[in-house]
Every structure is written in structure tokens, then in C-alpha cells.
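One chain, chain A, links the two complexes that follow: it is found with chain B in the first and with chain C in the second.
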Partner chain A sequence: MGDAPLLAVEGLCVEFRSRRGAARVLNGVDLSVKPGETLGIVGESGSGKSMTALAILRLVPSPPGRISGGRVLFAGEDLVTASDSRIRDVRGNKISMIFQEPMTSLNPVFTVGAQICETLGRHTGLKGRPARERAIALLQDVGIPAPAQRFDAYPHQLSGGMRQRVMIAMAIACEPALLIADEPTTALDVTVQAQIFDLLREIQARRGMAMILITHDMGVIAEIADRVAVMYGGRVVEEGTTRDVLDRPVHPYTRGLIACIPDIRDDTDARAPLSEIPGLVPSVWDLQRGCPFADRCSEVLPQCRAEMPLHRLVDGRKAACWQRAGGEA
Partner chain B sequence: MTASVLQVRDLKVHYQRRSFNPFAAAPPVRAVDGVTLSIARGQTLGLVGESGCGKTSLARAILRLNAITGGQVILNDRAIEGARGTELRAARRQMQYIFQDPYSSLNPRVRAGDIVRSPLEVLEIGTAEERRQRVSELFAAVGLRPEQQALFPHQFSGGQRQRINIARALAPRPSLIVCDEPVSALDVAIRAQILNLLTRLQKDLGLAYLFISHDMGVIKHVSDTVAVMYLGQIVEQAPRSTFFSAPRHPYSIALMSAIPSASGRGRPAERIRLRGDPPSPMAIPPGCRFAPRCPMATAACSQSVPPLKEVGAEHLVSCHLVS
Partner chain C sequence: MSAMSDAAPLPPVVSPLREAFGIFLRRPTALIGLVMLTAIVACALAGPILLDVDPFDIVAAPLTPPGTSEAWLGSDQQGRDVLTSLIHGGRATLAVGAVAAAIAVSIGITMGALAGYFGGAVDDVLMRIAEFFQVLPALLFAMVVATLFSPSLVVISLAIGVVSWPPTARLTRAEFLKLRELDFVAAERVIGASTGRILWKVILPNAMPPLIVSATFAIGSAILFEASLSFLGLGDPNRMSWGLMIGSGRSYMLTCWWAVTFPGLMIFMTVLAISLIGDGLNDALNPKLRER
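For the complex of A and B:
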């Protein structure tokens, strides 16, 4: 793995304006992805996971949203300040994205083949017969049986797992350097989910593509991410290698999140109550001064409410917590 | 074992489709095709299966929300599959439903307190004063504040809405609650709160739960007995510890090995992978229904239907290869 990051997100802020004032949904997100690496982003709903993905590709609905600060460096180029035509060239070509809901992200009135050909035509200029052949090869690559017949199928004729495979075929059509997958299997059954992850892993190994995987499922992270970033209240609160973070979490939020998951491979038979994280995710309308987790944290210090903790290297990974500010775990 | 709150015998739910051929009826969708199970007081039966396997059809048929094609449903020693009128109302006091989606299952124009009171009114339980008191009790029992009775559903978070759903289900003092994926729409941190609440209520009130989920971790946490459903039938049923330590049906094994685990045990290499998607209940394969996707299937599997037979203490499996 090369040392220069393929994608570096630095201090990214996104806010939405309304009559009630500005809602800050991202509060200085820092992330980096190296070529060929898989970064998992995990967090509860409203933590800013999907917004981070949208902001990387400048897809934040605007107005009312806008990127109010920070940089997104892709291969050294800042996408936040890039021209519109340049960003269109990057989207779907250098960086592509798979969305959560395979039914709503495909157009129901066009055949899946036509939709793949559109992507190919836009970025590679491939049209007509060669485009059709390339699209069929892509459908074959993602494990769709009888790809030549499926080329002419409409989305409603395919199952959820097949539709997600079509989405993946479209996403990899232009051989992107980075694939962003936003909860790609949430709508699918576990046996189909396992098939989709095998496919993504195989494509990644074959093409050396980097991947950002957004999920709320720690199990999925354990399975396919090399590194993981835990998001809370529009910030990354802990980031490190997957094994470090899952086996020895240092941030109180990460610890709580891991403790409240019932695990089928847990050998204890006693049915003790699950541990809970009391309270709710903070509202985006509240102006954050201190740590966003302070109100729900069991180890809160006076300092936590007054000042935002900075990322520090703790036990081999980055964590933003005043408890760990001394550097020990 | 104490007396059963619910017994289901050979239950069938078939949906008739409209036929476009005037000379032949379309074959029915066999959503539930011969299910037998029972739940004792204070116990939880965890029902797992992929989408489309008939979990929800089964649950709705038990509550008489769906038409029953065949079989028996016995609630507190009374057969209710043919109950009508007052008899059905009496049965409905004893069984309630918690829905999956905390957003669409609450009427947005009705205040939380009135939502919780509605089953008491519909089922004509108690006087106005008693109902008012019961609603306050229920709000306290599920961890909501009394003044929240006056709020509308949109003013609550997902977890709080699920608490309103639970309070509504508890209102007529049922002995059976069907929980249909009650936590799958919630975040993990909130999920734990709701699961703990359900467990506490069960202990305090002696409720029986039919708990439907596709999440094995949740099933392991709440169940006393686990039943695995595939294409309208139960393929394996066993006490929780037996099931999780030694599942026998190839589908149960595949289902368990497909689940990613945060603890990092059970790496991808030791997995059984299923090919293809779950088949449709409109075109049920001959013989064992799982045979076309089964990694261990032999020629015999697609010829005859394997019976559900006992392979250990209270451990039922329907597979030709398990003896």
C-alpha cells in the first residue's frame, strides 16, 4: 500500500440554512483513504456518514446545504473548489458511488443495459455495439447469470440482490480509483449480503480499487474494512485499524456502541441485559461547543462541555476525547 | 413446561392470485404452508427467516389479520381460527401486535396518549376514568413521561415511538404479543434500550412473545426457543442453547455463517455460501424446498419432501441428510 493517500478529507464542514438558522451536519471531518484500501465509516443515523459521502462528490443538495469549510483532496486536487465540469468528470469515473436502496437508485423506465451504457457513453465515449458488449461483460463480472438476456431487463424484473449487482456493475464501469458504498446491503437478506460482500472484495482485489464503506453494522466493518472511522455528531471521534478499534476501543462512544450489540458468537449463555447508551443523538440545531457526546458519556469531565477535544494518537489510533488526552488508553 | 398460551397446528395461508386465463385458476401463493408451533407463558419463540419466507403472513394469520386457509390456532385453550364477532373480540384482548416500522404504525394526527388509549376504547375495556389511569400507568411502564401524552408522533424519536407502540400493545393486558421486527428500524444504541424494555416487561407481566426477526444476534438475545422458516415452512426448531451451539439444518448453518460478527470470530473462509436468491412462494420447488440452493443436496432431496422429525430433545429438523 502506498503512503500517499488517494483521498484526504480535511476539516470538512457542511451546513444547511433555514429560517431557524444554520444546522451544522458536518463539523470538521478528517479522513484519509490509501489506494487499494477499504475504509469503513460507522455511526448512528444522523451522525453524518452519508453526508460525508455526498460532500466528497459535491452532491450535497444546494441550496439549502453548502460545504462551509475544509478540503477534499483527491489525488492532490481539491474537489471543493474544482469547476463544475471537472467534478462531473470525477463523478462516476474516478470516484463512483453505490447507494443503499437498489430499487430507487435505478430508473424504472429504462432497461438496466441502457443505464449501464449511459455511464459508459458519458465517460468513455463508448456507444452502440461496443458499449453493449462492454455492459454485458460487466454484468458477467458482477455474477449475473445469463447477462446477455438481463441486459434488456427492467429493474422490476430483478431481485434486490440482482439490482444491487447491477448498481455495482454501473459503479465499476469506468474502473474508478475509489468506490463509495453507502449501506450497500442494508435492504438485502443476510445470505445475499454475504454474496455482495464477496463480490466487492473480489472486484477490489482484482482492480486494486480503494473503497469507502458506510454502514451502521459493526459486523460488516469487522468483515471487510482495513481501517474504520467512527462518526458521531458530524465528527470522526475515533479512527484506526479495524482490529484495534473493535478489540480495544478507546473512545467512550465506540465502547458503548460495541457493547450494545448482541453477538451470536458470544459464548456466554447468561441473558444479561444489553448495555445501553442513554439519551439521544444531539440535534443538528444545537450549536456545539464541547464534545458532541458529552451529554451521553459516562466518563464526562467539566472540560468536555467547554471545548471540543482534538484528535490525538492514543494506542496506535486517533481518538478525540479529553479522557484520553494524556495519551494513555 | 407450563401450559401453552398459543398453539398453532398445521397452519396454512395461501393467497389467491388473479388469473389472466379464464379457463384455469392461477396457482396460489403458498406463503405459509403447514406450520406447527407452540409458546408457553412467559416464553419467547424467536422466528427467523429471510424476507418473503412467510414470517409476517404467519404472524398476521395468528392474530386473525389475514384469512387462514387451513389449520388451527389455539389461544389460551380456545380455538380461534373460526372465531367471529364477540368471540373474536375476546380473543383480541389477549393478543397484540408490535409493528416493525415505528413511523408508519402511528397515526400522525392522533396524540400519543389517545393512541395508547385506543385499544381500550375499541375493545370496550374499563370506564373513562379507568382508561385514563391505565394510559398513565402504561406511559410510566415503558419509560415515557406523563406530559408526553399530549404530544403528536412526529415529536418523538424512533425509539420513543416504538415505546408508544409497546404501550399500545400492553393496554388490554394481553397474554401474547407478536413482535414483528420491533427493532430492525432502530439504531443499535436505541435497539438495546428497546430489547431490554421488552425483556423486563416479559419478566414482570409473564408475557409470551412471538418474536420475528431476521437478525440472529437479536434472536439469540431474546429467545427461549428458535424456529427457522424457509419458504412457508419451519425447517428447524430447537431450544436456544441447542440451536446456537449445534444447528443441524444446512439452511440454519448457512444463515448463521452469513452473519458478519464484530468480534472477528468466524472468518469468511469457514463459511457456507448460498448461491442464488430465495425462491418465490409462487413456484415452490419439488421435494425439499431448500434443495436448489443447498450446498449438500443429493438427488433424493429434490424428489421427496423431508418430514419435520425429532433429532434430539425438543430439536426438530426437516432434512433428509440429518438423522
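For the complex of A and C:
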């Protein structure tokens, strides 16, 4: 695992301006993805998972948002400072992304085939018959039955699972080195979810593509991710191999998240109350100087409210917590 | 649900456009409008070729009533044949209507799309310009333009087009404001589309249904506008048009009713036909009005 990272995010900050001042939604995010690896990003709503994905491709809605600091190094090139035409060349070609909502992510007035061909034409120059054949092959790859017929279908004629498959076909059309999947199955049935994840894993294995999988489902992470980054309050609070983080979580927030997963095999008659983390994600307006999790943390120290904890190597993974830092540092 | 439909037999693929066309053809009123307009356009296009006579030629005694062999629909106060004038005049009227509407819709779509997509300062500036043209008395402005420049068909079309784009711009702006937030626009950005492509090839096709309907009505109102200008004597005096016929015959209206009634009827039928088509298109293209 000593090879250079494909993507390295360093100290990424994103701010949104408004009348109430600037709101920091990302506050120094550090991540790295090696070629062919799957990185899971977990966290509650509002922790900055999706914003991180958008910021990597420089798609933060602007104005009012902007990337206010940090670097996104993709194969050694900083995407934050790249030219507009350069970033358009990366999008969909080197780095692709699929969204949560397959129902609305396809243009309703064009056939799915035309939309796949459009992507192919833009980045590979493939047009006409060869593009059509390639698109049909892609539809076949993502497990769509009768792909030649489906090529001429309009999005509204396909089910949600089918549409997400089409989105995946578009995303992998140009053989990207990195695929960002932002909660790709949230809008789908549980049975279809499993199919989509199987498909993503299979495609990834076949093409040696790296993947960033954003989810709030720890079960999915356990199944698919090689490494996991836990986000909270616009920061990565813990990052390490999936096994390390899930088996021996270090950060109190990670432990809380894992405790929240109900066990369906728990067949005790007396139902234990579901576990929860008290409180809410702090508002982006009042990020204090200290640890953003301090107000909800059961092991809070005086130091936590005064100073932002730094990332330290704890038990083989990076974590940002004063409680754990003591022994190591 | 997905697992079910995955296995279900494939439904035939019908393009949305063909579907809308089918709905359009099932409306009797829309069909009547389409037949009427087709007949009128065919007359205006083919008539002057088949009937190669100058409409300004004197063919009968002035004020000949309809029903004579020299002039089936009568002659006007200068002895010009009303039927010939009607056929030739249709060309100018329809051409001005179509060109003026095309100008209005092009300006309107461009301004509205830029204002709606970019928002902020761009929106403010473009919408203030639109408001300026909206509060401008349109007929007065067109009259001034027609008086300042020689009133050729091109100048008149431009004058009408320039004063009638704001409603289209507002409609386009509203559509773009709504559509720019949708996921497929974001998805298009993700695969590396340029702003130009997103504006014209991604959002605009989705905004077309209401714009097609509004463009249809724009043709109707441009025809009426042209007729008003000609009636006031500000049209092109060297090109026969329905408005010109009514304008020049208006002093003889009581003794020579046929010289103003027939062109008036033609204008009425043309605008009615266009309105019927517009209504039919609205039913066919607006999913909220669709009954299945």
C-alpha cells in the first residue's frame, strides 16, 4: 500500500456567504484515495459528506459558496486552481459522480442512449454508430436487459433501479480513474440497493477504478469500503481501515454511530431501546473554537471546548480527539 | 417495484413529441385551426404564382359590387380586384407575422434564459430592460420606427419584434429559474458540460413546451399589430396587405363594405386559427392539462 494516492484532499475549506456572515461548511478536510481503493465517507446529515464530493469536482454552488482554502490533488494536479476548461475535462472523464436521486438525474427530454452517447462524444470523440455500439455495451455492462431496445427509451419509461444503472453507465462511460457515489441507493428499494452495490463492486473490480462511497449506512461501509473516513461538523474526525474503525472505534462519535445500528438478529424478547447520540449536528453558524462534537460527547474534557483537536495517529488510524490523544502524544 | 418492472415485458418506446402530436390531433378545435391555417398559408404561398396579376392593377370600374365576372369579390374605390388583393396581401401579412414573432421569441428566449440561469446582477439588468420595453407604448413606438425609416416589411417586422419580446422573456426566465436547480442539470455539470451547452441543449429543450405555445400566440398578435400599423397608413405602401386594404377602404366603408369586410374576415380567421392551434398545443404539451 505504499503507492502514491490518486486523490489527496488537503485542508479543504468551503464557506457560504450570507447576510449573517460566512458559514464554514467544510473546515479543513483531509482525505486520500489510492488507485483502485474504495474509501467510505460516513456521517450524519449536515456533516459535509456531499459538500466534500462537490468540492472535489469544484461544483460547490457559487455564489454563495466558495472553496476558501486547501488543495485537491488529483494525480498530482491541484483541481482547486485548475482552469475551467481543464476541470471540465476532468469531470465525467477522469472523475465521475453518481447522485442520490436517479429519478431526476436524467434529462427527461432525451433518450438514455442519446445521453450516454453525448458523454462519450464529449470526452472520447466517439460519434455515430461506434458510439451507439459502445453505449449499448455499457448498458449491458450495468445489467440492463435488452440494452439495444433500452437505448431508445426515455427516462420516465425506466424504473428507479434501472435509471440508477443508466447513471452508472454514464459515469463509467469514459473509464474514469475515480468514481464518487453520493448515497447512490438512498432513493431505492432495499433489494435494489443490494443489486446496485454488487454492480458497483463488480465494475470496480473489473476496471480497477477507485471509488469514494458516501453513505450514512455503516452496514454498506462494512461491506464495500477498504478504508473509512468519519465526518463530523465539516471535518474528518477519524480515518482508517474499515476493520480497524468498525471493530475498535477510537473517536466517541464513531463509537456512537456504530452503537446506533440496531441488530436485527438480537432475538431477546425484551426490546432494548434504540441507541442514539443525544443532540444535533452543530449549526454551521456557531462552530466554536473547540471540538465540534464537544457538546454531544459523553467523555468531554475541559480542553475539548477550548481547542480544536488535531489529527493524531492512534492505534493505527488517524483520529481527532483530545481524550485519545493523551496516551499517544 | 423495480424488481418487478425489470422483469416485465418492454413497453414500446414512444417519443414524447410523437405522444404530444397524437394528443394534438385528437382535439377537434385544434384540428380545425390547423386546417384553416394550412388553407390560408397555402393560398398566400401558391395564389400569387397561379394568379400572376399585380394587385394594384385596375381591373374593373371602381366600387363594383361582388358577384361580377371581372371581380368576384368586387373592386375597391380605385377599381382594384379585392380577391387578387386578398391573395397577394396574405403573403405580406403572414410574413410580417411570422418574422416579427420569430424576432420577438429569439430576443425573449435569449434574454430570459440568461436572466434566469445566471440570476443576480445579470437578472436585474436584463429584467429592467424588459420592463422598459413593456411600459413603452408598443404601437406608438412601432409608429415612430415606421415613420423614421422607410416602412418596408423588414423594418415593420423588426419594430413589432422589438416591442413584443418581454412576455416571452419573462416566461423563459421563470422556466430557467425552475429548471436550473434540477438534478439532471447538476449531473450534466458533473460530466463536464460547458455553460453554453447547459443553457441551450439541456435546459432549453425542457423549457420548450410553454415557449412553443407562447410563440404561437405571438404570431397571432404580430399579425394584428401589422394590421393596425397598415390601417393607420404606416405599413409598406408598395406591398398589398390585409391591413392596407382595410386602411385604404375605410373612408368608403358604407358604400363599399366588401373592400374592408373580406380582409377583416381573413385577419379574423387567421388569428382565430392560430389561437386554436395554440390552445391545442397547450393541451398537448402541458402535462398538467393532459387527460389520459
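As a convention for this text, the second predicted complex is superposed on the first by the 317 of 329 C-alpha atoms of A that agree within 3 Å, B and C clash if a C-alpha of one lies under 4 Å from a C-alpha of the other, contacts with A are read in each partner's own complex, and residues count from 1 in each chain.
Assume a contact is a pair of C-beta atoms (placed from the backbone, for glycine too) under 8 Å apart; a residue touches a chain by one contact, two chains touch by 3 or more.
On a predicted model such as this, the values are computed, not experimentally measured, just so you know.
By the touch criterion defined above, A:D226 lies against neither chain B nor chain C after alignment on the C-alpha atoms of chain A.
In the overlay built on the shared chain, the residue A:D30 is in contact with neither chain B nor chain C.
Contact with chain B, but none with chain C, is seen for A:D217 once the two complexes are overlaid on the shared chain. When both complexes are overlaid on chain A, the residue A:G92 reaches chain C alone and has no touch with chain B.
Looking at the shared chain after the overlay, A:I258 reaches chain B, while chain C stays out of its contact range. In the superposition on chain A, A:G161 contacts both chain B and chain C. By the touch criterion stated above, A:T191 is placed in contact with chain B and with chain C alike.
Of the two partner chains placed around the shared chain by superposition, chain B is the only one that A:E276 touches, whereas chain C remains out of contact. When the two complexes are overlaid on their common chain A, residue A:E44 makes contact with chain B while staying clear of chain C. When the two complexes are superposed on chain A, the residues of chain A that touch both chain B and chain C are 159-162, 189, 191-192.
Across the interface of their complex, chain A is touched by residues 1-3, 5-6, 10-11, 13, 15-16, 120, 182-184, 186-194, 202, 205-206, 208 of chain C.
Those residues of chain A lying in contact with chain B across their complex are 44-45, 159-162, 189-195, 197-198, 216-223, 243, 246-247, 256-258, 260-266, 269, 271, 273-277, 280-281.
Every residue of chain B that touches chain A in the complex is listed here, in rising order: 50-51, 157, 159, 187-193, 195-196, 199-200, 214, 216-218, 220-221, 241, 244, 254-256, 258-266, 268, 271, 273-275, 277-278. Chain A makes touch with chain C in their complex at residues 57, 59, 63, 88-93, 96-97, 99, 101, 104-111, 119, 122-123, 145-146, 149-150, 152-154, 157, 159-162, 167, 170-171, 188-189, 191-192.
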